[in-house]
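Presented below are the structures under discussion, each in the form of structure tokens.
Next come two complexes built around chain A: one with chain B, the other with chain C.
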Partner chain A sequence: MSAPNCLRCLGRRPSTATTVTAAGRCAPFSTTAVNGNVPMRAKTPNPMAKEIGFRSGARLTIKKKKVNHNEGKAPAPGERKAYRKKIVLSNDNALPVPWLKNMNAEHLASPQSAGKVLSLPSELQDQLRASEAFQPSQNWGFFRKPSTLVRTETVDLVTRMQDSASEKKTLRLVVTGSKLVGKSTMLLQAMAHAYLNGWIVIHIPDAQELVNASTEYGRIPETEPTQYMQPAYALKLLQAIKKANEKVLAKINTVSSHPELPQNIPVNTPLLTLVNAAKEAEGAWPVFHALWSELTNPNANRPPVLFSLDGLSHIMKMSEYRSPSFELIHAHDLAFVRLFNDVLSGNLKFPNGGAVLASTSRSNAPRSPSMEISLAQRKAEQAGAAPEELPKKEPYFKGYDDRVEAVLKSVEVMEVKGLTKPEARSIMEYWAASGMLRAAVDERTVSEKWTLAGNGVLGELERASLLTMKYF
Partner chain B sequence: MASTANSLRLCLRTSRQTSSAVSPLLRRALSTTTARCGMPGNTSYLTPTGVTKSEIPFYNQTFQDPSEYLQTVLKDASASPRDKQRAQQMLKAWEEIPIDQKRELQQLTKDAQNEMVPLRRHMRTRPTQFWSAHEQDPDLITDEIGEDDFEEDDIMAGAHGKLEEHREYREYARIAVWEMPLLANFAKKFEPPAEGEVLRFRYTSYMGEFHPADRKVVVEFCPRDLDLTEAQQLKLCKLAGSRYNPEKETIKMSCERFEHQAQNKRYLGDLIAKMITTAKDPTDTFEDIPLDTRHYKKKKNQISFPKEWYMTPERKAELEAQRKRSLMIDTQKRARHELVDGVQMIEAGIAEMEPVEELVAVKRGKAPAARPLRR
Partner chain C sequence: MASTTRHGLTSALRGVPKTLYTRQTQSLQQQFQSLRLSESAAVTNGCRCLTTEAIKAAPEVDLEALKTRKVHEVRHARAIPASPGYFSRVAKFNDTYIALEKLLAQYGNLPTIPATEVERVQWRTYSDFATGVGEKIRLIDYKRCLAIVKRLNQIHPKLKPAVVKTALESFKREIQAYKNVPKPIPIDKFGRALGVGKRKSSSARAFLVEGNGEVLVNGKTLAEYFGRVHDRESAIWALHATGRADKYNVWARVDGGGTTGQAEALTLAISKALMAHEPALKPALRRAGCVTRDPRRVERKKHGHLKARKSPTWVKR
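Then we have the complex of A and B:
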């Protein structure tokens, strides 16, 4: 049973707070606590309590342990990400491989170089690095110089690019394949070829960054349906383009003035100046738009353009951005994605030829059923299947997206498969000569590793022979 | 206590006989036997065939006291004069009894009768009872009462159990040796279903026991076996809905709606006939509705290796040639000193390196000139 007043309170004098307040001033039935001009009493220790002896005497006090929070220096903002994204392209401890040649403009297109390992010249390395073609998950840092194996698929892809450029057509191609098979490396090789041949390369290294609501976005006025620009990403992309394509951009000039830009860009200004006009994120999108219109201008003589993107399935679904009415924005309503899709679907062509390449990803890829079925259909079509034999959509599945299917209606699909055994041998010899594979590379070893790697999946081959000490 | 009453009833059942002799008290006060009609002078109380129950005297008649009964005897034409005389005497004696005693007796009879009603009720074992709950276990060889009392004159109960078990084994062994081979006489040769036998029925039997599932009939058939066009087959599959198995391309239906197996089978037969008629109906071919196979989940772990992996003589020869080729490549490379060996490469690389003297840790600042460096 609880007493109305606790025993300790009995010792005190009854509170007089209410009596102090003038009764006439407060409402008679108010539930609000009375506060106001009540003179605060100084807290004096109650002598009565001490006499009675409640809770007096020795007390147990437990001291809190002082935790030292200052354990080392916390990484600076962005430092962790920089470490995560760090790309190491050379290893001084690795042995130089004597037979290694630098890649030149013709190498990748010639069938003779299929199955050979070629190293990237340092200028090309810088260009590729600027456009983020290297990925941290690839093992470039094991060897003295970054080098790639030229595969038959590479030669095939590069030849097609060259053909389309010479015919002033746009190659529209999607690179697919199973996990770790070398799809991104295929893109890298295509870009290497483009850089070496004086193309202009625009590369979106990770499509995820465009759609996962990590960069700022804004409506583009006077667009129907509403499109959204991503100014911060535009600035980043422009800087990458500038750094990677500096030489080419300096040579070609604008053919139209761009009155929408705040800077005065007269006709016959080098494109490099145009690109340099973007200093801040604020004006980056108009500058990119101007650059794009210059590159796709049918009246100008432009070098071929390569527009590539890694992680296609990210842009083939709803993005994570919200419209002003808080509805999800379809990825195809983002201006960058729209540009890419216009070229990929064939609605927009590069006047002087070029290529648009997209590669699917298998490690970080949301499911896009429409993309999967479309690519399967295109593959079947290329294999010569009749229209009624094509893979069919599931009639009762609701997750299909017509916009995605419209984009992928007529693209070419190239499936990257595992290496052949001679190719595997070639790359393993390179590993062994670099001192990274402590084994004699004979047919037996090659066959063993090739089989372990799921019939020559390149990434698995690395895991089986290079990364044996790494814990996955 | 039902069990006590039950045992009592069973004991009394053995001596269940309706007395033919006329007694002053028609019914024993403590009888657990059901009241049955008694025809005076007739020893058989079973209803004779041809005699309807209404013709039997006293059928379904209860007497409250002896006088009632004695009076019916007196009125009865078939009773002998001697019986009637005795009845007369007894009636007279009854009337001399004081009224209190009569009432007491009547009350007692009534009470006893009421008590006995549930015991007298005839217990019928229901044939349709599923688990046969009231059936006694004939295999139980001990009632567990006093079984642990050992009187030094027998083997232990456990040993008895073991012996019984052994007997049982032997019994089944005898059956296996002597009787089971005779089953071969009943064997029928398997005949694959004929052209017209497209329906495959499955029945369930629980070896004569009653089971709620024994009425179930399952039928399975392949629409392709029926005499239908492609479009009609497809319509039939669509009609079957989730009963269609797209992997086996069969339709499987079951019925346990009716009480008997034959009824269920008839229902299924009728249903299939109706489905086929509907499938043949050209007014609506269901072309606009795609075949729905969402109900079907493909079984996992169905590993099927590609055909090329089968070890055929050609494949063996191909592999052999491949091995020879690779061996040749290796030998050639070795002869030309082109075979890359990782270990050798590393050793050669280390040998090529300029020797670097071992680094020594030295204190910063001026080194004391006199003293040698501390190693």
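Then we have the complex of A and C:
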């Protein structure tokens, strides 16, 4: 709607303006529409009310609130998820910590660095980010540089990885522990060590994505029992592998030609080229298969491989995919899961050594009774319990799964526990030096927070001291 | 002389010594005052002192015996009251007051202990005492009386005579709240102290041992049991407020109620157990609000309301 008197007219003699004010009786300079100011007419009595003859006085009228339907623009598809999954690794407002050192290839394996906070070098950050080792629920974005506390458990795990690599064995290990205790961070540290030492790392950041029927799947022909590939996931994984392991893959060459691939990959081609052959989801699974066969080829000299997976219980149950006869597919019939389980159970070995690590989850984890009982049994075995003393299955419970138990028959179990008080003090000093913990870090504060954090559970320590505005 | 006048007759009947009636023209008031004056007491103490012992009530008049002895029947004879205080408004009270004063005069010189060290006694309140006696006592009089009582109570307990003790008994309340002392919490052979606490409908038992700050609640760690950080803080508030968070380990059982109630029941339980280990912390714990049980419970629902106080939405018709 246009204003009754235009801006140009305002400069002239107020001939029009005076007429308007006379008619509308409003202020001499006003942009308000005149019509809005029309004096009210006297109310005409309601003829209906007179006819009926009762109560024609003031009535309660409830006005409906106007609902504004177009408030801003709806986020584009995928935008919300991208926001949810956004990972921030630095905070310019945090203070730089002067004593902080960058992690190098030896640090994580040396007992001297236990209880110290080390930061991740930027190249390693990119690699870890590519393989989705950082999780949005972790608070990396509080500090100037992403850094981790090296724990005695970390040193222990990394040393075992190193030993198995040097002996050309495969370390098969499941990381367990209570909620927020740092299981995923333990995987991240293992991956950091692997990247820094030139290993090839294949990481499945969230096992749930493999089994919850969110990516497309197809039968792999000529397999008995039928296996299923997930081409879209394969492409995504290949791209992550390529991005994270680019340097290593460029150095090592293929030892066999792969006639099943549409592209011509002759012998002695860098593995990077092989990985690059997957451009679309359609051919991604065969390429991944070819890469896998190259990495596990006993005749080639390959660097050690780390295959890790987060959220083990998701792949230890029936998946949500359906077979052509509309029956649920067991997760172990999915090709990716099968590969992982082959290594985890010890049926398949990395010829040049390596490790397969799985971590359980406590926040988003379906129940897998067989996995729980198997891990409990393995833990008891490691503690030196006699076979008859092992935890037993419930005799009348039907939910056990033999395939799961077969996979977990001989794995090692590492239970991550709470921090010790010196470790807690070390990380709290780092927080304080970054300006994120506004308290003097003395013995009293440390032990109090340590108690509040359920005997030093790292995530709870963060909640009790860093995230006090969020959780109270 | 005694038999001819009316005075003489009554006094003969009552057995009053004649010496009191030597002066004929005494007014009634004067006579009464002279009755109550004990000359011997006044002389010994050097001050006026009232006594009831000098005068003895006469035995009951046996009319039959009088008839057989052919004595003239006496009309209008009045019995003299047992206590001279009978003619005052508050006879019983006056008697006790006088008795107390006498005791004070007798034993007031005995050594005393400071008022702060005397065993605490709840004395009867004014209204309680007044209804017990059945007389209209003035408050100020009762206060004076109590002052004497308290002074007598201050006498060193080893030297306090039995008479004084019995005299004070009537001023004590039947139920002595100060005798209701909680049982001290023992520390067992393992070094544990068991404290019990309640809040809302939760109750908690906490075993406290010297340690390094580990807490187990119903077999879980503090973080596993209480999802809310605030609840964890309030559970170990007693230890935190006294700076003992890293000095003790807690093993606790909690049941009933919700998370907040359970956490605050734990506060009380831990603080009680802590007081067993270190009684000197009681003032600090009281300042931290960990000593008194919070008596509030859910308010009951009322009819005509949706909850305890919430009214249904107002509708015009």
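Brief remarks on what is shown
In this section, the second predicted complex is superposed on the first by the 402 of 472 C-alpha atoms of A that agree within 3 Å, B and C clash if a C-alpha of one lies under 4 Å from a C-alpha of the other, contacts with A are read in each partner's own complex, and residues count from 1 in each chain.
To be clear about the criterion, contacts are C-beta pairs under 8 Å (C-beta built on N, C-alpha and C of every residue); 3 or more make two chains touch, one makes a residue touch a chain.
Please read all numbers here as calculations on a predicted model, not as lab measurements.
Residue contacts after overlaying the shared chain place A:L60 against chain C, while chain B stays out of touching range. In the superposition on chain A, contact of A:A433 is made with chain B only, not with chain C. In the superposition on chain A, contact of A:L95 is made with chain B only, not with chain C.
Of the two partner chains, both chain B and chain C are touched by A:E443. By the touch criterion defined above, A:E460 reaches chain C but does not reach chain B. Of the two partner chains placed by the overlay, neither chain B nor chain C lies in contact with A:F326. In the superposition on chain A, A:L452 contacts chain C only, with no contact to chain B. In the superposed pair of complexes, A:K179 makes contact with chain C only, with no contact to chain B. Touched by chain B in one complex and by chain C in the other are residues 443-444, 447 of chain A. Of all residues in chain A, those touching chain C in their complex are 60, 178-180, 418, 421, 443-444, 447-448, 450-455, 457, 460, 463-464, 468, 471-472. On chain B, the positions that touch chain A within their shared complex are 290-292, 294, 326-327, 329-330, 333, 339-346, 349. In the complex of the two chains, the chain C residues touching chain A come out as 212-215, 221-224, 228-230, 232-233, 236, 239-240, 243, 245-246, 316. On chain A, the positions that touch chain B within their shared complex are 95, 395-396, 429, 431-444, 447.
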